[in-house]
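In the two assemblies presented below, chain A is common to both, partnered first by chain B and then by chain C.
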Partner chain A sequence: MDRRQFLKSSTALAAVAGAAAMPWRRVRAQTGPIKIGLLTPLTGVVASGGKEMVEGVQFYLESVNYQIAGRKVELVIEDDASNPDTALQKARRLVEQGNCQMLIGDLLANTGLAVANYVKGTGTPYFIPIIAADDLTQRHRIRNVIRVAGYSASAFTHPFGDWCLKQGYKKIATISQDYTFGHEQCGGLAQVFTEGGGQIVQQFWHPLNTADFSPYLGQLADLKVDAIFAMETGADATRFIQQYASFGLKGKTPLLGSMNATDQSVIRTLGEECDGIVSAAHFAEGSDNPVTRKFVKEYEAKYGKIPSLYGFSMYSGIMWVAQALEKIGGKVEDRDAFIDAVLKTELVGSPLGKTVKLDAYGNPIYDVQIRKTVKRADGKYWNVPVTSYPGVSQFWKYDPETYMKQPPYSRTFQGIKKA
Partner chain B sequence: MKIAGMTSRAAVAVLVVLVIAAALPLLLSNYRIELATEILIFGVLAMSIDILSGFAGRTSLGHGAIFGVSGYVVVYASAQAGLSPAAAILLGVIAATLVAVVFALLAVRTSGVYFLLLTLALGMIVWGICLRWTQVTGGENGLRGDVRPAFLVGHRAFYWAVLAATTLVSYAMWRFVRSPFGLTLLGIRDSESRMKSLGYNVPLHLFIGFAVSGFFAGVAGALYALFNNFVSPSTVALQQSVEGVLMMIAGGVGTLFGGFVGAAAIIALENVVSAYTERWQTVLGLTFIVIMIFAPDGIIGMLRAILVFRFRSSPHIAEPRFELGNKDTS
Partner chain C sequence: MSAFQLLNGLTYAALLFVVASGFTLIFGLLRIVNLAHGALYLLGGYIGFAIATRTGSFALGGLGAMAAIAAIGLVLDQGLLRFVGDNELRQVLLTLGFAFVLDDMALVIWGGDSFTVPIPQMLKGGMRVFGVYYPTYRLFVLATGVVVFAGLWLLLNHTRLGALIRAGVDDAEMVEASGVNIRRVFLVTFLLGSALAGLGGLMGGAFLSLYPSADAEILVFSLAIVIIGGRGSLVGVGVGSLLVGLLNTLGQVMFPELAYFVIFGPMALLLAFRPLGLFGKATAA
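Coming up: the complex of A and B.
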């Protein structure tokens, strides 16, 4: 008997035994609350993003009065401390002690991957609106790990590479934080850009939490490239953008950013120096779509800041789950039906102002916005869409099967086509 | 009468503890069983650090790295290389011992704060390698896989397996520190120069002590890899070493079994407090300060002092931190 078989049969046995012995428990379970376990980094290196994740979830649940499909919703929040070991322990607690019927959240890929590996064994539905690791919806897909309202890291940089070609850029250099998310974002851009005839002149990988970018900026300045792509998140992004400007590169060489580099969580503390950075993402808070407008306005009224990708993604993610639950009458206990419903649900009414659905691999298909940071009337900066690529799959224009035969993007494999 | 090197009274006590420990999973929920499993694993890590710290007087800040290397090798060998769990565990423990040997070669000639810094630096190197050698270690993302064999997938089964392994290695560690060789480590702790003048090869003894301690840390690391089915740079990070050292100190330096008490105290505290506040790390920090002020010899040390006070009513006789059985040589 292999492990999966063992798990299946023992779960079935336990379920039968439980159902036979305690019929009252089933009745109660149906009427009890829907328990959602939210894992989020409230401490550690990405704590500020973690707090906005909580806001996003609460913002939605408050709007529906903590009621989904007629059942009360109980939200249990746990701090994953930006650490995979802690995330794993907290996931166990939520599932095994807290009896949460589903998990949602985590910010850093390593925490998400640790939890994903855990729920692979338990079968608990786990939703990842922030975790972008490509392979979770590609080469190593787990059925109950679903990227509702999330994105895979290279999905938006593929069209971004295409946009760069259309701008007439011939030579690009990239600078990126040296971890998987960075490798994947750069890889997406590098592959499409080089296959279309562009040239990636050089790629710099720097450790997370680099305080001083001047050694890199000096080299970047000497390269004489048409544009520089910076894949930065959090404090690194803030520092990079500031130093890029003070180094005198701003205005000389166009700066392209990853979606996180010009996210609200970064640019809300910046001024002039972040003006005019171009990036690609599914969400642009400066869009004039009325639904987006409304969301941004209400969020700003409540929390006093323009929503970031973290707040937006978690808001849309939990909305997606709620819409799926409405379809099956709130029967969250029936896991298979629940997962099926989530996979089949087409998200309507999200702040994107467009219907979103999942591809066959559980990754959403979006209209990718090419965005530019622009000063708003009140002096704050935000991302305004310049142009848009409709219906972009995580595989771009490649055939999924062939695409997945190439290795995942890494520091050594960037999909660069040799000239 | 002696049973397996213990007085009959101690043997009975050990038996009682073991029976209680074995019966625990029948009473606890699945999640609590997992916590208990974790306590056992970290108890072994804390004990392995105590071999050096409490008995040889050298506190290592590199044991988290040794522990983590074992974890990495176990997950890599079983998930990537497709070896059987038994072979993977064996390789993991060997790898950890080898790392400890390298650490030992570089560190045994130092003591005090230099030893601390050197082991810290060596640990950081291991962490750096795990973080940057992406092709093998998976970088920041770490490695995942189904490491646990099918018969250990259940919470209880795994707990019992860990309990059995823990009992075995604890007994081995206890015999080790009480052996004539273990006594030489104590001698080195108390006076290195005297041991030298008595003709002992101090660096060699420390080297062996370090390697043995690394072996046990490796066992703990292998168990942890089975427990989590996952390993990432945070498992080899400095934080892991510090946590092991803190557990050892909280339990009581030089008490060996204090490792379990410290691990239990810290893991329980982490879990209880974090349920109430996101500032649980602050609470943890304050608790350490309180322990250091009111129970500098750790929880076991304090309990021992209280017991001595109660039963002998002569608190002025300082209890040696570790009894070497010289009172029951019968």
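Coming up: the complex of A and C.
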């Protein structure tokens, strides 16, 4: 018996044993709480985002009094320390010792991939409202890893490329952090933009945590392009936006950002230097949709800040899971039914103010907002929608099968059409 | 390399110099492996940021940051380092632990958002130098770096205190025998080194921004500078800062994929041929 055969048969055996044990578990479970394991970086480089992820989840659970489908909800929070090894170890602890029926969270792609790989073996439902790696809902889909209220990295930059063409931009340069998330977002824009006749003049890839952007800004200023697309997260985004302004590029060349570059987590500490940056996203905190308005107002009242992508996504993600659980009467123990229910659930009443459903690959279909950062009456900056692309698929207008035959976006493959 | 990129390298080098000169006072002269130097930099930035935003004064932020970090340096030196003596391994563990504590405290107090220290109106905007438009603030950083270099050079080479420091480094017992309280001299040096980290934090915080893990990055650069320049040599730190600052810019422009290698590759090569760095002297002990 080789290893693969052994794995197969032992999985089958475990499944049979599990099914046999089911009646007993079901009886017990109906009385016990629903246990949700939340993995989030509370320490490490992205700790502030991690803290907001917790806030988002708690904000929702408090609004339903920690009750879903008549059952009590127990939230177990673990720190993944922005580190894949720790994330894996904590995921194991939550599932194997903490008896959590599902996992949700993680922020950095490498932590999410580590956990996704783990739950591939255990079958534990794992929800990823933040992890954006394209292939988790494309080429390497795992059924029990579902992107509730999340997005795949290139999903918003496809329509953004189209929007750039409509602005009459002919030449664009991109600058991005040198890792998968950046490659995928830039690739989405580059492919649609060049296929529509635009030209990507140059692409800069810099290491994460680049303290000084001046060398790049000097080169960007010399390029004579119609717009610059910046794919930056966290402190890199803060610095890039600020240095872009101090080197006098702001006002000369329009700055376009990935959604995370102008997220609240970045712009809440910035001033006029972030004014007027355009980005594409599913969520715009400055939308005048009444549901969005209400969410932002309540969140701000409670936590003293405008919700970021992290707070919003986790809030909506856990809401999605809760709505699915309501439909199956809270029977979280019946994994297959639970996963099916989540996949079929259409999210209503989320801060997006629109019903959202998943595509056949477990990725949500959104109305993509083209947003602009503007000053609010009280002097704070936020993202306000300018226009929107309804019902955007992660495959844009391509046929999913054909699209997935092309390689995933990387530094070497950006989908750029040769002129 | 264009004038623009040259200025980028020089201004970055100036900031690195301010931080690394503090590091070399402690690591190079006092022989204390202070791995908390990066944390002192970051905390100095945060404190400077807090003061500058509340009072609206950048200068006050700078003074406050230097004073506060010197005070923390006092606690570190007198309250902790005193007990581990000259054992370098213990110093490493102690200061590293101290750095973690400072970082986590900063995370609790300021959260993990990245902050930018507000700069005074007169330093905002840009001006034309060598035919290129360049941010005034970065030129200010360059000027500060030069002033700090001149000040430290005068202090070490032309004052009594400087003479005492140099003498104490070479032979502490002999200096003590001539009636000087060498511990106090060393303490002053330690506080000065810490204060420079605080000043660097404020200046860096205004154009590189403050965020968790900024401490580790600046520490690695400071270590590289002091090792390249040679422990304890002020000129060495100056040359090391210029090399690292310019190589960093050059690397980002010409080999962006290898940005870090461009700095640490030559460093490794240099150490292979000059283990003591460019200006390092072998010590008697």
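By definition in this document, the second predicted complex is superposed on the first by the 393 of 419 C-alpha atoms of A that agree within 3 Å, B and C clash if a C-alpha of one lies under 4 Å from a C-alpha of the other, contacts with A are read in each partner's own complex, and residues count from 1 in each chain.
Keep in mind that, in the parts below, contacts are C-beta pairs under 8 Å (C-beta built on N, C-alpha and C of every residue); 3 or more make two chains touch, one makes a residue touch a chain.
Everything numeric here is computed off the predicted structure, so don't read it as measured data.
Superposition of the two complexes onto chain A shows chain B and chain C fitting side by side, with no clash. Once the two complexes are overlaid on the shared chain, A:Asn65 sits clear of chain B and of chain C alike. By the document's definition of touching, of the two partners only chain C reaches A:Leu270; chain B does not.
Of the two partner chains placed around the shared chain by superposition, chain B and chain C are both touched by A:Thr43. With both structures placed on the common chain, the touch criterion links A:Asn110 to chain B but leaves chain C unconnected. Once the two complexes are laid over each other on the shared chain, residue contacts for A:Leu88 go to chain B alone; chain C is not touched. Of the two partner chains, chain B is the only one touched by A:Asp79; chain C is not.
In the superposition on chain A, A:Ser410 makes contact with chain B only, while chain C stays out of contact range. Once the two complexes are overlaid on the shared chain, A:Thr180 sits against chain B while remaining clear of chain C.
After overlaying the two complexes on the shared chain, residue contacts for A:Glu96 are found with chain B alone; chain C is out of touch. Between chain B and chain C, the shortest distance over C-alpha atoms in the superposed arrangement works out to 5 Å.
Judged by the document's definition of touching, chain A residues 43, 178 lie at the interface with chain B and also at the interface with chain C. Per the touch definition, chain A reaches chain B in the complex via residues 1-3, 6-7, 10, 42-43, 78-79, 81, 83-85, 88-90, 92-93, 96-97, 108-110, 113-114, 117-118, 121, 133, 178-180, 183, 410-412.
Listed in rising order, the residues of chain B touching chain A in the complex are 29-32, 34, 38, 132, 134-135, 139-142, 144-146, 150, 153-154, 228-230, 232-235, 239, 271, 274, 278, 280-281.
Interface residues of chain A facing chain C in the complex, by the touch rule stated above, are 43-51, 178, 204-207, 209-212, 214-216, 218-219, 234-235, 238-239, 242-243, 246-248, 265-266, 268-270. The residues of chain C lying in touch with chain A in their complex are 2, 4-5, 8, 11-12, 104, 107, 111-116, 124, 126, 133-135, 137-138, 204, 207-209, 211-214, 217, 248-249, 252-253, 256-257, 259-260.
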